[in-house]
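So that you can tell them apart, the chains are marked A, B, C and D in the order they are listed, and the count of residues begins at 1 in each.
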Amino acid sequence: MPDRHANPDAPADPARRAVLQLLAAAGLIALGTGRAAAAVPGWPEEAFRKTSQADALAALYGKPLEMSDKVTLQVPEIAENGAVVPVSVGTTLPNVTSVTLLVPENPNTLAASFKFGPGVAPAVSCRLKMAKTSPVIAVVESDGRLFGVSKEVKVTLGGCGG
Amino acid sequence: MPSTIRVRATASGERTEVQALVQHPMESGFVKDSNGQTIPPHYIEVLTFEHDGKVLLTAYWGPAVSKDPYVKFAFAGGKKGDELKVNWTDNLGKSDSLAAKIL
Amino acid sequence: MRRTWRRCALACAGMLLLAAGARAATEAEAGAALRAAEQQQAEAARLRNRWIPAEAALKAAREALRTRDYDRATELAGRAEALARRSVEQAREQETAWRDAVIR
Amino acid sequence: MRPRSSRRARAATLLALGAVVATGLHPSRAEERPDPAADLRAFQAHFRDRFPQLPIAEFANGPYAMDAGMRQQWEEIMQFPPYDFAVEEGKQAFETPFANGKRYADCFPEGGTGIRQTFPYFDTAAGEVVTLDLAINRCRERNGEKPLPYQTGLMASITAYMAETSRGKPFDIRIPDDKRALAAYEDGKRFFYSRRGQLNFSCASCHVQAAGQRLRGDVLAPALGILASFPIYRSEWGSMGTVDRRFTSCSAQTRSEPFAPQDPGYRNLEYFLSYMSNGVPIAGPGTRP
């Protein structure tokens, strides 16, 4: 059971801040030399570190991507907030084994990848963070081949409305 | 303490629709706190859904998944009253799991 | 890049000017400027209309005075006073002006 | 940024000065007797005329009632709203007895269920506006518990739960025939329409004049019904926030020093705004960008 998530708005107590600073220092080292802690087994660490779409896909699948109108991607034209962008992917392609979401303008391109077991419908929805206006690319692995679709999402500066 | 996982799984006919929401900060490691300190990355790496001893969906997530993440999918073969197991593990080695009933 | 250079050049020119002609502010001048700003800000507080940038400039001026940077303290206090003065003017205007915005 | 905004402020100051002169010509206005019922009619008529196709209940949904693209994202998010955790936490806290064995339910009419729409109210005994949040903390203190911080956390969770039990019930705010109640109402109204801060904005600048328009990335919510969805989970905050949190951030956005939470100024503003929204059903807790 993880700790109850600390409220980001509350001022950190000194002990907590010290721990955060320590963790931040560790994080900086990790950025330089690779991760300090071992990733969860199976988590595609290398692909998540890539900053270009091609590198991320190469690390994750190692095969070429072709664009296809058989993949549907539902994203907003203008994101109401870059912190929460609803994304839905679906396809009419057969034997889907995975779906991957990429946001090329994010610091790390790979956002999420879903592995589908047998009997699972080839569609998934989730919510992503987007640092700025960017295409969102959905990749579907079907019969061992990669099919993709790309749609741009505008991310505007928020902070005033509601 | 309440679970960090909320699941809504509803069977209608052959199809079971699953929605889940996880309470997690999903810190990207790119954000600074009010003292100018970088908030260290803290995000779920793997989330799994199991039914009847088989893994239905494995989500591999990175820092670009939103805070309090959400996921929706559907599968065939679930029945009302079946158990659905959900488990997540994050980059700091924390984890949580929940067994939910399909409604 | 070019803007950075230009800014740097301007700053250098400014420093030269200061060194050549302008007289540095004294502790007494900085203190007086700060008191004037604090007075305006106290009036803004009485009218419940303090502005964030006025308060920020005032804080920075106090800090500059504490570190004996009297030029900076004087400049910041002047800025704080001007902002606080405008906030006081705004509050006095709005005492009646708000009625014109009411939906009728 | 600074020179531009100060120029804007200066221009606005000139405009405001002009307004002072104009008001000077109509001295009668400054001495009007408060007439909340007439204000309410005019206020709601204004928004009905501006958005004639919108049923009154929709005003509770703020920007999502104004923009189709935003509404679609909202509907996606509402499939599993992020405030669910807060409602659960709030329900649990609401039902857990205090150390002395009493509960929140003992402090409120109807056991605290389905009463959100009656807050804030004017307490004629104490001579002040009492918001739901204030009532919760007074309940805690009467029962020997420490008050909760007002802007987020458990206060947001408890009010989220209490709002959820009141969904669909129209705002039903009353202004008793009491000089102090009328003064509190008038003070809230004055705050709502007064320009404040370095940016020289009033609440009305954004939520009346510019309601429904985009300001940077956001669509501005109309003032009518704006509090019906509180507390809210804001994506921008990544957490829950109460009315105090919203007022505080609104003030800061105009570069005005915010009041302390539950300052009488903010309470009176909430009283005015909620009264103006009489008839708009409670839809809280809500989500916002």
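Keep this in mind: a contact is a pair of C-beta atoms (placed from the backbone, for glycine too) under 8 Å apart; a residue touches a chain by one contact, two chains touch by 3 or more.
Quick caveat, the model's predicted, so the values are computed rather than measured.
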Of C-D and B-D, whichever chain pair has more C-beta contact pairs: C-D
Geometric centre distance via CA averages, subunit C-subunit A, whole Å: 45
Between subunit B and subunit D, centroid-to-centroid distance (C-alpha), Å: 34
Distance from subunit C to subunit B - Cα centre to Cα centre, in angstrom: 51
For subunit A, residues contacting two or more additional chains: 8, 83-85, 88, 125, 127
For subunit C, residues that touch 2 or more chains besides their own: none
Contacts with two or more other chains, residues of subunit D listed in rising order: 235, 238
Which chain pairs touch, all of them: A-B, A-D, B-D, C-D
Of subunit D, residues touching subunit B in the complex: 79-80, 82, 84-85, 88-89, 92, 235, 238
Subunit C partner contacts - residues on subunit D that touch it in the complex: 2, 9-10, 13, 16-17, 19-20, 22-24, 29-30, 32, 39, 42-43, 46, 189-190, 193-198, 200, 202, 204, 208, 252, 255-257, 259, 265
Contact set on subunit D toward subunit A in their complex: 62-63, 69-70, 72-74, 76-77, 149, 151-153, 206, 215-221, 232, 234-239, 246, 253, 288-289
Footprint of subunit D on subunit A - complex, ascending: 7-10, 76-81, 83-86, 88, 125, 127, 155-162
Parts of subunit B lying in touch with subunit D, wherever the complex brings them together: 2, 6, 8, 19-21, 23, 25, 66-68, 70, 72
